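See below for the structure under consideration.
Labels run A, B, C and D following the written order; every chain starts at residue 1.
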Amino acid sequence: MDPAAFQVKRVRPADRPSTHQHAGRGQGPSLVYTEDSSRVLVDVSVDGDHTCSFERAGPRANIAFDPKVSSAAILTSGGLCPGLNAVISSVFMSLHHHYGVGRILGIPNGYAGLMPGRSAGIRPLERDQMKDIARTGGSVLGSARIEPDVRAIVDTLQAYSIDMLFCIGGDGTQRGSHAIHEEIAKRGLPIAVVGIPKTIDNDISWVQKTFGFETAASIARDAIAAANTEAECAIGGIGLVRLMGRDSGFIAAAASIAAADVNYCLVPELPFELDGENGLLACLERRLPKRGHAVIVVAEGAGQHLMPKADAQRDASGNKLHQDIGVFLKSRIGAHLKAKGIEHAIKYIDPSYIIRAAAANAADQVFCTTLGHAAVHAAMSGRTDMIVGSWNGQITHVPIPLAVQGRKQIEPTGELWRTLLETTGQGPLIG
Amino acid sequence: MDPAAFQVKRVRPADRPSTHQHAGRGQGPSLVYTEDSSRVLVDVSVDGDHTCSFERAGPRANIAFDPKVSSAAILTSGGLCPGLNAVISSVFMSLHHHYGVGRILGIPNGYAGLMPGRSAGIRPLERDQMKDIARTGGSVLGSARIEPDVRAIVDTLQAYSIDMLFCIGGDGTQRGSHAIHEEIAKRGLPIAVVGIPKTIDNDISWVQKTFGFETAASIARDAIAAANTEAECAIGGIGLVRLMGRDSGFIAAAASIAAADVNYCLVPELPFELDGENGLLACLERRLPKRGHAVIVVAEGAGQHLMPKADAQRDASGNKLHQDIGVFLKSRIGAHLKAKGIEHAIKYIDPSYIIRAAAANAADQVFCTTLGHAAVHAAMSGRTDMIVGSWNGQITHVPIPLAVQGRKQIEPTGELWRTLLETTGQGPLIG
Amino acid sequence: MDPAAFQVKRVRPADRPSTHQHAGRGQGPSLVYTEDSSRVLVDVSVDGDHTCSFERAGPRANIAFDPKVSSAAILTSGGLCPGLNAVISSVFMSLHHHYGVGRILGIPNGYAGLMPGRSAGIRPLERDQMKDIARTGGSVLGSARIEPDVRAIVDTLQAYSIDMLFCIGGDGTQRGSHAIHEEIAKRGLPIAVVGIPKTIDNDISWVQKTFGFETAASIARDAIAAANTEAECAIGGIGLVRLMGRDSGFIAAAASIAAADVNYCLVPELPFELDGENGLLACLERRLPKRGHAVIVVAEGAGQHLMPKADAQRDASGNKLHQDIGVFLKSRIGAHLKAKGIEHAIKYIDPSYIIRAAAANAADQVFCTTLGHAAVHAAMSGRTDMIVGSWNGQITHVPIPLAVQGRKQIEPTGELWRTLLETTGQGPLIG
Amino acid sequence: MDPAAFQVKRVRPADRPSTHQHAGRGQGPSLVYTEDSSRVLVDVSVDGDHTCSFERAGPRANIAFDPKVSSAAILTSGGLCPGLNAVISSVFMSLHHHYGVGRILGIPNGYAGLMPGRSAGIRPLERDQMKDIARTGGSVLGSARIEPDVRAIVDTLQAYSIDMLFCIGGDGTQRGSHAIHEEIAKRGLPIAVVGIPKTIDNDISWVQKTFGFETAASIARDAIAAANTEAECAIGGIGLVRLMGRDSGFIAAAASIAAADVNYCLVPELPFELDGENGLLACLERRLPKRGHAVIVVAEGAGQHLMPKADAQRDASGNKLHQDIGVFLKSRIGAHLKAKGIEHAIKYIDPSYIIRAAAANAADQVFCTTLGHAAVHAAMSGRTDMIVGSWNGQITHVPIPLAVQGRKQIEPTGELWRTLLETTGQGPLIG
């Protein structure tokens, strides 16, 4: 990189002063402009101790485990996500081919497989199977949601002489990994616990992109396309698609941008109202007679305040269970339009498991492969209590406590949401 | 971002000293290790004048053109690439909806449409059509390779009162844009020329990822999967796939990693030999009897030194025309194995236009939309002689002279090639 | 065809007497054997008046309308189905190119577009649009379910001087076509009404296969594959997929055979029980502990007798509305397994509109094209009150009263269901 | 079936005499009209000895082999075709589950695996693997083209105590099966040889549709779509796609109809000329300036008389090897247009193995399953020297000598070619 080149070659202004005021459509004060002085660093890798930085992933010259006598184990936990098998295969291949680790075990059904009475299912993984699964959906190891009993689990790790444990799972899983690490540390055991973060919602903190997300957004887009086709072909057709996104609307936003024909995208981060002058119902009431149809995408965690309170339930991983905003919206929209005498037909699609069970697309496959290798390099180098992440295009090491300290959400003034707003043209839907 | 969190939460080592020496399989001295001190910056946006940085893209508070009285024009030039229509649509939508620019023209067949005698094809773009094309392959504007006559072109821009010209094309096209800008500057005209870089090979300098690349790699992966199936089902089956990649093997490498069953990936950046102990022919000779089949991926620009010299020909954009390395390899491998009496069957696939003509996948669609918006924001702010790029996950402004000063290539010691080597297990194929 | 060849070349028995008794697995007396004397005619086209035969479709030497001065109109009615646009395009192209009919109108939203106050939406179809739609999902004409007012409709046909009306729709639509024909006949008008039967359930009488069915089964198969992946990855995983099929389970059966991993396929034609020794619940109770997972496919009209009676509701086309057997099964299975203390996880998928809105696959596209041409040939020859059908591989003319006199259903002793039973291995689920 | 219903309900003519003469566009005397008296039989199954009929497939009440002590073997031979694994899986499942045959062997690489020195590769097939392959491309048994040594092969069948041999392959393979049967008959052995015909060209005599054909046409359609996109985006763009079809153009015709944007479809059955007033070159010369682009599909066996004679070569299965008509056309068209000074760009696509290696689509999967079951029923009943076929929508038994006595070709006056001509609008291209 030649700094001189950058000094000489700056972006040039046309010979015209900037005198007009920018007025984005319908977005009023919410549009945050980019300052002309805002710049993007060319080199984001630094050496040494920079406060706000991640350790960079990659193979280290010195490794902490002797491959010939070491054992590794892999598990997948939580709901399915495109790319699980690709990650499993990649971790296996790097251990097997790159380092020559001879004993690589598969743990069935997540932490359950390490619990007493279940460990009979632990079995060595075979190269031939690992090669064939790389491009399939699901997880050959099976999965489950379960509260890990860390002491029993560390007992099993010891009983099976496992030196490295690779945990592919979401923030519940990684919290479990951290607890397992604490128990390992308490016992003074030299066992590395390294996670590969799995969240179809793309909502892990301090990780910009997780595997499977692009594939998920892609299949979600196809569901939206179906909804749009249905909406356009009916009188007053409303295509309503419910997508994943408990706390974060990344899939909903990305799929809506990619679909290019969504009118309203509703996510947990951005509150919206049904009633009122700018509420969704009034917007639909105005739009339908004029444009004939509408397409709405809603993330499962959006608009929770609109629904009658239910007891706060949580699933086995401790995630809050939401009421079904899709079914709720379908019912409220239908009732409102009927009351207003507006001819309409609501087409509701909930693609759910069709998204989760898909195989990774090519870009995710490359990403899964890279993450799997990075996780192996990290564990072999003796790192523990960490996950491999992705930041500014680099693969990073992220301490688990940092990764699980909250949920990553769409930045309302950031580029993704700005692109979404420009694509849908939707207003604030409030007030 | 809270620096304290990062200080407290560092990646922890397992309680085990790193005493083993790392020995990657078959890659000898070429494996470059990551230093433990290597870190990745969390925030890559900076304010003010940092030498090695790009201007950040985004809407500016002040704009240089009055939308109500301004005109814009869009053209696509060079070979097809997934996402062209998505970019066209996105540029149109941002101009039309976000800024309210009323007159947006489509230039047919690249620079040709701005040349004398061709400009009759220039026509206003219509919203309905722009909506429908967003998810289709090809370019509604058509394309062509042609040497631009910059004076005639600027005459046409003036004749049609075009204030902003958006050029979607490769480095040949962007060199043309720069020349057009120079002529505009010479005449002192307030016309902005902004490019969106299009290269299916992903080889534009100072732009980490270009649109269409992921889609291309994805379809290339499917061709490789077909080759692998054919190879596995024949006695001594060899699947040979030729992919795009004149000077850079990004598609070949990414598709090979994604396919997970490639044995040899040959790219322009890494020389290889056919003959000799470690040459490709000897490798195949040893592999076939043992494993029964092999899959080879070759980028069109790889191994040029192996072929008999032809006169250096160039296409209309000035790109060097290569001899067909795929056909050459097929012939040489067949002859060698026949001479050695090794039963074999070579299955050759050249997916060519099937890749170029594809529609963008969802991730590319989001990317195209974002780039199109950024290009419009840049032009509206009065910038010119620049392209919109992607760097460390941010959208950037890149001066054209910087972007066209060379070709981006795979870094032989970088993460992509390291991941490729770990995936294929191929040796150096030299010496 | 040379009869002698057939006489000489009969299928030869191996030199072994047939002395063993055939015992199909678990299907006991329900398996109907094929008699050795059963044969299939080579030529199914006959000339002249054979009692049980259909008129064969195709272009006639003499036509009833002078293309130069004739007008045609096309409408689509009822729910979406893959291939609607392909049929529209094919009808248009045959009228326009083959016969040179100059005035071809599109009727918006089915019969609604011919009703008073709606006919403003009638517009001439344009060749360019018709070319582009051939491979898209949905219907460019829009659709609707509505009770046709035949007198008002025939008034509109006269007002617009329509000579040929092409109605693409299900049996409700065709009943409407018949009523329109009766009104036309009463008025002594020379207007031809020809239908192309559209039923995603493939349940029109005297038509062996309708367009869109293969595409629908194909997408349904993908939903089943997702359910299977989810089921295999969970402890006690049950994949439950609800598919279309109000009175006939063709999609459920075909998709289940194609998926190759379905354990229970439930259709309206074959009654089944939940309770009892051989009921579905007991089967699952026995299977889960042994095999770990199960996949169930249920057509929407299956098992209606199991659910609490609701008032018989009908949709606008007069089709009986069913309660949701999928949701009902999910609830009953979950309750049963919970009561029995069997660990399980039910993954429910309802792909619904994702299937209806799809574009036709290639085979359906060929079929749609052929049907569209046949419909035009029939109308041009002066035929009316008929639909074009498919029988023994030939395109036929079927009188509407014959086609709407009942619903085609799966033959329990026929080849399709036998193939399904051999594929799933399911028992009778009764008693 | 109630004949009375048919008598009462005949297709009614509109009240308009047929007085106009039908004049199809540009097809002059070649259009064969359908006689009004032409009818299609409703029931094509007959009992007893009808001269021109096939034996109907299906399970027989009496079987010739005792499943408990019988052995079966499966092989695939010749080039790949979508659905091979589905057929293998279906044959296995029917033998294993339906009849309970305990010993089912897989023969590697076609007849080669039964030859001396190769039979070591014969191995029992396992249920788990058979379940997983059902939806994959290729053949788990591998394939090969080889001249079978029938005596050695029957020796192997005896050595391995094989009672039923299932041969999945083309007419070369079935000729081999017949020869093996003759040797078996000579030795008086009770071994059944049953074939499932495999021809991606769909050209087996007396079988209306073979498995894999629909899938092949579907992928071919996608290649044509890419060619069309390329052609439309270039100045004078010509998309040229070469497809399989040695002696029969079924794939070319079906894919061209499905693509809906082909202008010229060239097949072996219909001669065409390059030169002359109506030759292809003159047609292109006239079309390009007017329409701007053209799409041509050519089957590999078309236009052989146009190319310089090469020595007649044959492949290992005895199939005539053709020169490459695609490359030849590309060169001739380019030279002609250049000589005429017509701006053009030829985009040539040869999808080849991408088609052959694909997995079966859902409809083919159902078809493969049905054929596999039928083949097992036939062999278990003691039939031999036959293949299972498809005729008028029924599965049939076809004696091998009948099936291999010629190649099925497109009927120039039949419905398929008529539909093709109406879709492309192409003229006779002769004279």
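Basically, a contact is a pair of C-beta atoms (placed from the backbone, for glycine too) under 8 Å apart; a residue touches a chain by one contact, two chains touch by 3 or more.
What you see is a predicted model, and the numbers here were worked out from it, not measured in a lab.
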Average the CA atoms of each chain to get its centre, and name the chain whose centre is farthest from that of chain B. C
Mean-CA-position distance for chain C and chain B (Å): 45
Taking each chain's centre as its mean C-alpha position, how far apart are chain A and chain C in Å? 39
Using mean C-alpha positions as chain centres, tell me how far chain A is from chain B in Å, no decimals. 26
Counting only residues that touch at least 2 other chains, which ones in chain D make the list? 225
So that we know how the chains sit together, what is the shape of their touch graph: line, ring, star, complete or other? ring
Inter-chain touch pairs (all): A-B, A-C, B-D, C-D
Write out the stretch or stretches of chain C touching chain A in their complex. 80, 109, 112, 137-139, 142-144, 222-223, 225-227, 229-230, 232-235, 239, 347-354, 356-358
Complex contacts: residues of chain D adjacent to chain C: 1, 3, 5-7, 9-22, 24-25, 31, 33-67, 86, 89, 93-94, 97-98, 100, 131, 134-135, 181, 185, 188-192, 208, 214, 217-218, 220-221, 225, 254-255, 257-261, 361-363, 365-366, 369-370, 373, 377-378, 380-386, 391-399, 401-402, 405, 415, 418-419, 422-423, 425
